[in-house]
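Down below are the structures I want you to see.
Two complexes, one shared chain (chain A), two partners (chain B, chain C).
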Partner chain A sequence: MTSAHPLFSAFLQRGLQALIVAVIVGVVSFTMMQALPGDAAYRIAAGRYGYDMMDAAAAETVRNELGLNQHWSIQLISWLSALAQFDLGRSLVYGTPVVDEIATQLGYSLLLAGGAVLISIIIAVPVGVVAGLKPGGAIDRLTLGVSILLRAIPSFALGVVLVLVFAVQMRLLPVAGFRGLEHLILPSLTLGLGLAAVSNRVVRDSVVEALGSEWRLFSRTKGLSARRTATRHILRNASLPVVTYVGVQMAYLIEGVVIVEAVFAWPGIGHALVHAIFNRDIAMVQGTALTLGLIYVLLNLFIDVACRLIDPRMRSQ
Partner chain B sequence: MTDQSPTALTATVAHSRIKPGYPRIIGLLLLALLIFCALIGPDLIGVDPVKQQLLEARQSPSAEHLLGTDHLGRDMAARLLSGSQLSLSLAFLSVLTAGLPGTALGVLAAWRGGWTDRLLTNISDAILALPGLLLVLMLAAISPGSWWALYVGISLTLWVEYFRYTRQRARIVLAEPAVEASRLLGFSPRLIILRHLAPEIGPGLLTIAAFGAATAMTAVAALGFISVGVRPPTAEWGVMMAELLPYWREAPFLILQPVFCLVLTVLALHLSVGGMQRK
Partner chain C sequence: MFLRSCAVVLIAAIFYSQPTLAETKSNVTIAAPWEVASYDPAVSGYAIQKLEIMENLVDADEAGTLRPGLATSWSVSKDGLTWTFKLREGVTFHDGTPFDAASATSALERAWKQPGVLSKAPVKAVSAVEGSVMFTLVKPFAALPALLAHSTTIIPAPTAFDDDGKPSALIGTGAFKVKKFTPPQSIDLERNDAYWGKVPTIETASYLASGRAETRALLAESGDADMVFTLDPSGYSRLAEVESVKTIAVPIPRVVTLKINASHPFFANAKARQALSLAINRSGIASAITRFPEAAAGQLFPPALNIWHDPSLPRLEYDVDKGKSLLTELGWVAGEDGILIKDGKRFSILLRTFPDRPELPLVAAALQDQWREIGIELEVSVASYSEIPAGHQDGTLHVALFARNYALTPDPIGTVLQDFGPGGGDWGAMGWQNAEVAKALDIISSTGDQEKRAPYIANVARILHEELPVIPIVWYQHTVAIASGLQGVIVDPLQRSYGLSKVSWSK
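This part shows the complex of A and B:
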């Protein structure tokens, strides 16, 4: 798009993406607010003063104060401008500032996501490398079969099956909630297995490609040891598609966090989002969806930068 | 945004060619069987999937109830089949409403270039700005429990995949000397699209369609399971899983039935286009 420094243009693109996320989330939340049944002024007045203390006059005050009597387009603009000033409002159910709620939940979600990525790396990298060393071999075919099967199991169904096996039948691990690190194992295993199901094949493919390449043959021919070829050439070349693919997985990770948190009652952002949708707590819906969307943009930015660090060709583009 | 802008919904495999082989044949047969069951099954069983018979709750499979009954005495076989109708029809419809415009717009963007191309690419990038399921979730939240919101949300997130693939391939194909020759010979755009383009992008589009259908089914079930999708008492696999979860101890075979159905259908769809085999 631009001819500026490639790193700068990456920041610019992701900044634009963040803006789009904010506008989409803002407009959808606003539409939800409008689509709620009943008079918004009465609802907010009831939330503020209690159902017994509320009357038509109180509703009228709220209506004037919040500009609810204006045309919807003007309301939308003021809604979005509040969003632009990072004013996320208060939870309609709990009355607490949305920002405070999210600050607590964010830690839990990051913990879960981190655990999931760690588990997926621990599984995918060794399995992928071993399968890739002998393409078409028994291990390769076996891991392919398992990957296809695992990929067909949606994260929440996998979660249910893992709970039934480990928590309920074998009584090894807690079922849901969060009261210690052992509660982290099942949710992050659920997510991690889903991630590993595909990423082990990506590792495998890039190992196969690196091993069959001409530059590997050349560096061996010119006298580099197998070990040095691996560390100097294969590792860097093979890691590029993997890192690019991690970017693709970020969407899966964010989606997975929402679903898996809801399944395991994990006190993170995804759980809060689902809960807020269920309770029609629109301020919370907007805050949590916005946070998840922005995290997604941020993760993609990291991937952009990582790719440029690994591949010098992308730096000089 | 970049050409690597990710979408999790139909990850990776879109660009591979479909190869013949046992997995594909098994997948296609399985898929045909599942569609056949969904089409004629409910009539064959002839039991209302939402009819409660509390005295017959949580029964084991019998001649009367082939797969037993759930916690409200509803016939499991009837519910599973009704659920498969819902899932398959939604998947099929969303593949159509996402695939046809997505492909057409992809060809249009590649053909016209210029501002048409820029506009369409920007729109598709805007949709990719959010993870797909998040968008579906938000749209479903506008009108909770409605089948339409799910359908529109899923179609809206899935068309981008067709658009991006078609645009990318069509730009390459349309620049080929053979296409230029056809143009110079005065052949119509229709012929160029059918003869030159369609054989190039057909297999890739099929792969996207199969994975997209699987994604649509998974999304519906996931949202049903966390009670923000289709509402009970509708027989939907995700809703059924949520309903039957509390009874795992007394009747584990009940909760495993919808799980099995969903996994089997998704697996059949994945296998029918060759799974994730690449090389």
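This part shows the complex of A and C:
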């Protein structure tokens, strides 16, 4: 039996994974929300009406309206069966369809994450390559120091410092909000610097490794110029771990997005997830967690494909 | 090459965004901590009302005096059971549909059935009668017009709801209409040129919710926001030094208060509650934490509530020795570690509070320290504020710390009745009854005659001052930073409006 095209099998595998992730994320986030202490009806009423209007009567209204008296198994089954029909329900707090909220917020978060990754690549690749070409040199040591410093500063503090410098002192960029491209720069830079602080070291390490490898020596011996060796062999080999590492950074991004979105008043999904958890908005939490889980799967798929395209050995496997 | 083109794009983006300085600005940007994510007046009414998107039948000025809104006049029948609100004619909603008795009635009926101020009033029915809305009551209730000035009783257009009757748009009759809504962070507004009242001077406005106080202060300092509400003490003092910004602090009728479970054996006696109060260094808290020393609460109702504030009441004092001796009178004896003991029980209690108002956990920590002086061990739990009404209902609450707004409606009787009426309230008295207060509140709520009400109001204020079912700590200051060039700004102590329709830019 001939095996399927490797790319096709990657898609199939990740598709199956997506389905499993969806069910597990749904059930786990539901269970965790149920396990939290405190009465959900009170928390939801608090999120809806604010503390000036929130009282026991409001909580009872919420309990009856949302059917929170039902057994948890009934609530879970009704969520899962709605999900099977691609219905994420309505936000328990705001009454708006979850899918609308996520669509808006995810767009903004992806924009921010994209900006951050772009900035991190723009910074990390040249810095890493230069540092890696002369390991142990002055540039290598300097960039290591700066990287440690940047990674050690919490993104919240870094964001405020950047705002003070670029928005308040120099008046070049806006402080917060999201009216145009200029609003994207500071939050992306805040996240991007944190990402680049680590990824430039990954670039540097793979450059060092590639430079010391036998295949590099071979390509030089067979007569390729230093420049051709660099572009055809070193970059290709060095980029494999870097591409894989971009995927790993997703975790840092999601964590960072939550904080950076709050500092810059950015209407993203991380910020929304925190609010949803605090307000016990189970529908929003499940919808958001599901979306993030599926993005992970999608990202892994992209990385699989990218690695296969970069590395000819994987293509033939 | 790639790097260079990226840099060009970035630089182009930066300079493209710089406004032309020669023109007079016609836009105002507001920054405030509150996120708006719902179309529902019951949920987001406070923001929709402040931004003048939707309006009430009854309006109020900054002193809380009621004035006509979407209703031009109102009257009550002799028995006090039927109120008629005559509606303004020729008013249209932002989408051009007419405002009439049917739309007002259905909005108010909805508000009555949702949690909110109206749901707590003795209303029997709401009906539309030729150009008017009629309320039928179970018993006389003089504060009804004041409730109709509250943010949960604003009037959305019938077209603001979807087919299932769920709120799905922000359409009202106000001076500004919504151009773009990005929940939960921003609302873009434009002037409603068909407004029935005076059309605003500014053309557009935007609202940006920014939960972090640091960010809001930076928005004010950089000029990105023209009106910034609710600053933290450090941001406020720094902005006072910035030339392009004016800072204002307005006393508002919100009070940092302790709710005491009077049915708990430790607090059943008023002397115990007085002892707790005597041990609180209010001026210390007011100058070190909230940083307005004059706002130490000498009594429950702040001066902003001029009818309920009684300057003749003696200030709540700070006297640790007196507090100690009151507790000794009640039979408490200091144990080995200094904590009081009576009948084998330690005076150890739990205080519930929440972090949404950043000063509350700090005040709680100060109380922990100060109460230890009189031998009380205090444990602090910082969680969701919903734990306070929950603890009231199941009786497990000892002490709770929160900030209560006594003027949710221009007439505070609604809130006072809810908090100190029979059975107490989730945010008011717990396990505390006073027949004299109950009777006085009944009379105050049934009449609008200020002369008749005054002695009863004074009596209620005095009894609350002596019995301390809740212990006031500090009064609130509403802090605002305003761009220097912005004129006509009125900071509303009742927080019903940002006053956007009255501001303009100096030329």
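Just so we're on the same page, the second predicted complex is superposed on the first by the 236 of 317 C-alpha atoms of A that agree within 3 Å, B and C clash if a C-alpha of one lies under 4 Å from a C-alpha of the other, contacts with A are read in each partner's own complex, and residues count from 1 in each chain.
What we mean here is this: a contact is a pair of C-beta atoms (placed from the backbone, for glycine too) under 8 Å apart; a residue touches a chain by one contact, two chains touch by 3 or more.
The structure presented is a predicted model; accordingly, all values stated were derived computationally and were not measured.
Undergrad: Just to be sure I read the superposition right, which of the two partners does A:Q249 touch: chain B = first, chain C = second, or both, or neither?
TA: First partner only, chain B.
Undergrad: Which of the two partners, first being chain B and second being chain C, lies in contact with A:E182: first, second, both, or neither?
TA: Second partner only.
Undergrad: Output check: A:F86 vs chain B and chain C. Expected answer is one of first, second, both, neither. What do you get?
TA: After superposing on A, A:F86 lies clear of both chain B and chain C.
Undergrad: Between chain B (first) and chain C (second), which, if any, makes contact with A:A262: first, second, both or neither?
TA: Both partners, chain B and chain C.
Undergrad: Where does A:L149 make contact in the superposed view: on chain B (first), on chain C (second), on both, or on neither?
TA: In the superposed model, A:L149 contacts chain B only, not chain C.
Undergrad: For A:T104, select first, second, both or neither according to whether it touches chain B, chain C, the two together, or no partner.
TA: It touches chain C, and chain B stays clear.
Undergrad: Does the superposition put A:A57 against chain B (first), chain C (second), both, or neither?
TA: A:A57 sits against chain C, while chain B stays out of touch.
Undergrad: State whether A:G293 touches chain B only (first), chain C only (second), both chains, or neither.
TA: First partner only.
Undergrad: Name the contact category of A:V202: first (chain B only), second (chain C only), both, or neither.
TA: first
Undergrad: For chain A, which residues belong to both interfaces, chain B and chain C?
TA: Comparing the two interfaces on chain A, one with chain B and one with chain C, the shared residues are 160, 164, 168, 262-263, 278.
Undergrad: In the complex formed with chain C, which residues of chain A make contact?
TA: 38-39, 42-43, 45-46, 48-59, 61, 90-91, 93-96, 101, 104, 118, 122, 126, 160, 163-164, 167-168, 171-178, 180-182, 185, 262-267, 272, 275, 278
Undergrad: Which of the residues in chain C come into contact with chain A in the complex?
TA: Residues 3, 6, 10, 13-14, 16-17, 31, 35, 37-40, 42-43, 46, 114-117, 119-120, 152, 166-167, 182-186, 208-212, 214-215, 218-219, 221-225, 354, 356, 383-387, 389-390, 392-393, 402, 405, 408, 425-427.
Undergrad: Please output the residues of chain A touching chain B within their complex, sorted ascending.
TA: Going through chain A, the ones touching chain B are 10, 13-14, 16-17, 20-21, 24-25, 28-29, 31-32, 35, 135, 144, 147-149, 151-157, 160-161, 164, 168, 198, 201-202, 205, 208, 244-245, 247-252, 254-255, 258-259, 262-263, 273-274, 277-278, 280, 285, 289, 292-293, 296-297, 300, 304.
Undergrad: Can you list the chain B residues touching chain A in their complex?
TA: Residues 1-2, 4-9, 11-12, 23, 125-126, 129-135, 137-144, 214, 218, 221-222, 225-228, 238, 241, 245, 248-249, 252, 255, 259, 262-263, 266-267, 270-271, 275-279 of chain B touch chain A in their complex.
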